[in-house]
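Take a look at the structures below.
Both complexes shown next keep subunit A, but they swap its partner, so subunit B is in the first and subunit C is in the second.
Then we have the complex of A and B:
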């Protein structure tokens, strides 16, 4: 039996239900969610994050696309307020994209600034983040949204190694990480390598969600919709 | 164009359906098959690089030989072939030894030993002997062999270190910070140096950069670790870090990094009272920055030099 954690996406845990009755994201495995732009990849991971927070599972979230403010606003648009979780340190946010001059809130115990073009610093902060969050609860979630931006700013092979190190760190500590990637933004070899690093591969194309690989189950797919409450699998 | 074709053909194969495919048209490739194929291609590429490095070595082009071997190591690291990583480090050690660069050779052999040890290779005893012989040659009397796979070792050297700082070190220190600040990411790493446990933080960051192969960050961190040592007036330790950084920057052909390393080496030489080396390193550094037309870098370098010569 493969233990799973609730995804937070209505219909997803049913879609991924295995013969032994479990469904969701297999715990302590690595997942890649990919697909074209604007197909709901970030919404999926935000829903996953929020579900974890409401289940008392802390989350290490590395944002490379949206700064803290934008991330917070996006979450609020779907009625997933995160302020409380930042305040109680169960959401550990590494913001690699906000510019200090743009009036972001000052760093706190669980809100850390890093730099998109400095992979070593990002890894240092991830290391501290994993340590911090693990100590509070060994069952935790983690998200990188997204690898696409990291790849755009840095040498691609270096980022592959960063992602590999990230997955290893989180998995070793018992966490369940998800990486977001926008399809066709890096060359196909990098894409293949990214897929080879993870246990589960989910693709979304705006209409259907495909489970291309997942521990314990065969390939599946189902239509989905992006609603005011996030993604809903039909 | 050629590159596009290669990528297209890989993409075609990955897409799974191509009516033009001939030799294996009935074969269905799995992800594992593709990973195996990729591994084989990379293995072949690394072997070619070793052959190229050998030709460079035979032509006595040592820097190019080392650079090419480094590329091969990166590939073997990617495909996680520890035996061949050990082999290439072993070769690099031989090249450096031939070039009378014993300290680098020792570092290479130590890395080779690490890999051979992990896979329990028969070569591990041979490499241990090479390390022992070189270390005995390098520092007669110091027979203790330590295997430190992290930062370059900073065992005390015989160069005397003044136990009092120059009269106006704080002025120089400020300029050193500005010089290091020329490098990308240095400001961020410098913030580790201001933390409560600077060495621990910097060493952790160094290990991290080493682990992910961020060569530029690794070299910059060595400079900052050296700077922290200099602040504690451990000048010989600082020199070792600065020299290791210089070597790394040269390997990745980072001219600005080389210029900054030379400025810091010159500064440490000044503190050691070795004035001949001071001017030689400063001259080389200024020439690099001038060739790069890095006017602001050159200005900062000149200010550091002035603060030293005005002492």
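Then we have the complex of A and C:
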């Protein structure tokens, strides 16, 4: 039996149900979600994050697209308030994009700043983030949203190395990581390498969600919609 | 010789680093390494020399901010023209560059850094980050460039500090890079599923035979790199032999005891010892076994890098209590070793029987011992 954690996306756990009755995201495996821009990849991972938080599964979230404020607003738009989880330190946020030289928002125990073009620093922060979360709960989730921005600001091969180190670190600690990537924004070889690093591959194209690979089940797909409550699989 | 201003490192290097030499800080991904470069630069500038920081990982403004978090005033050094930036980041990020030199094309890096070295004879240059360069340029080109920079630095008596993150490169590339510098300091992690500690070790130094001891460190803001002596916890139920164990593994130890029921001594505060085993140095803390002291166990477990859990192999009725104590340290991700003491007593259970009775995971080693006769103690230490 493959133990799974609830995805938080209505219909997804049913779509991925295996013969032994489990469905969701296989626990302690790595997932890549990719597809064109504006197809709901971030919404998917935000739902995944929020589900974890409400299930007492903390989340290590590395944001490279939206700074803290924007991330918080986006979550609130879908009625997924995160303030409480930031306050109780179960949402551990590494913000690599807010310009800290201006304004310098204060860091707290679980809100950490880093720099998009400094993978060394990002990895240090991920290392201490994993330790921090693991100490409180060995079952946790992690999200990088998105690899695309990391790739845009750095040499691609370097980011592949960084993502590998990230997945290894989170997997070793028992966590379940998801990486977001916007299709066709990097060389096809980088795309292939990204896919080869993960256990599960999910593609979204705005109309359908495809399970291209997942531990324990064959390929599947289903139409989906982006609603006011997030992604719903039909 | 110049001081590195990193605690303990100067001792290992025979007093410091010779002028004109090159140092590579080679870090496992996730281990803090930038602070080492910044701390050396800050110290040497405070000593009255000049320096530069080459950055391709973040804009100079962010580095100034990082320095301020460590409590070092880079801004003042910049104003006084004691330090300048070689900005290899801003142009690539689309923001206005800052500093004496900036780079907008990779091909300029080699020449611009050579100019920077010329500007600060007897000074120090920090190259942050070599791994970022490595993925942009050909491997052979990088080795060639490092060679040229180091040669110029030797001529100018300038110290060059390279920050390097050891991502999963071909080991040959890493070896070649290590061979291109005078001195390699490895920064590694101590892991038990997650990084629980960080250590540095001098791997090579062309001017001396360095001490191979590993030193544990953490990075404080403010403060920078600080070293610490790790704590090892010794715990277990009442009368399992914890104090004797601490005494037998320590060169020196202190115990606060009182006669229990006027018959035998029991620890009422703490056993403290110090162990030096195969180059690993640690302070040992033994807690009393009684439940009323569990508060102390929580606190000590948080600060420890490992725990010995002593049990009396002949007293299975105490195993439940031992299990409870393991649980208390379990929440802290530290390695644990069960020391199955009193194996010489009649009715003592074997390690296998203990594992079964206590339902212990195979990952936790159980070492049979007779602490009073010093049997198995060495083995317990090796198990770490």
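By our rule, the second predicted complex is superposed on the first by the 229 of 234 C-alpha atoms of A that agree within 3 Å, B and C clash if a C-alpha of one lies under 4 Å from a C-alpha of the other, contacts with A are read in each partner's own complex, and residues count from 1 in each chain.
Here, contacts are C-beta pairs under 8 Å (C-beta built on N, C-alpha and C of every residue); 3 or more make two chains touch, one makes a residue touch a chain.
Please read all numbers here as calculations on a predicted model, not as lab measurements.
J.: Mind checking the superposed model to see whether subunit B and subunit C fit together on subunit A or clash?
T.: clash
J.: Subunit A residues in contact: does subunit B have more, or subunit C?
T.: When the residues of subunit A touched by each partner are counted, C comes out ahead.
J.: Which of the two partners, first being subunit B and second being subunit C, lies in contact with A:174: first, second, both, or neither?
T.: Touch status of A:174: second partner only.
J.: Once the structures are superposed on A, label A:121 by its partner contacts, choosing first (subunit B), second (subunit C), both or neither.
T.: both
J.: Have a look at where A:192 lands relative to subunit B and subunit C in the superposition and call it first, second, both or neither.
T.: After superposing on A, A:192 lies in contact with subunit B but is clear of subunit C.
J.: Is A:162 touching anything from subunit B or subunit C once the two structures are fitted on A? First, second, both or neither.
T.: Both partners, subunit B and subunit C.
J.: Show which residues of subunit A both subunit B and subunit C reach, each in its own complex.
T.: In subunit A, positions 115, 117-121, 123-124, 127, 157-158, 161-162, 165 sit in both the subunit B and subunit C interfaces.
J.: In their complex, what parts of subunit A are in touch with subunit C?
T.: 100-101, 104, 115, 117-121, 123-124, 126-128, 130-131, 134-135, 153-155, 157-158, 161-162, 164-165, 169, 172-174
J.: Write out the stretch or stretches of subunit C touching subunit A in their complex.
T.: Answer in residue numbers: 27, 29-34, 56-59, 61-62, 64-65, 89, 92-93, 129, 131-132, 135-136, 163, 165, 167-169, 189, 191, 193-196, 331-333.
J.: Across the complex, what residues on subunit B touch subunit A?
T.: Counting only subunit B, the residues touching subunit A are 7, 10-11, 14, 31, 34-35, 38, 74, 78, 184-185, 188-189, 192, 201, 204-205, 208-209, 211-214, 217-218, 221.
J.: Considering the complex alone, what residue numbers of subunit A touch subunit B?
T.: Against subunit B, the touching part of subunit A is residues 115, 117-121, 123-124, 127, 157-158, 161-162, 165, 187-189, 192-193, 195-196, 213.
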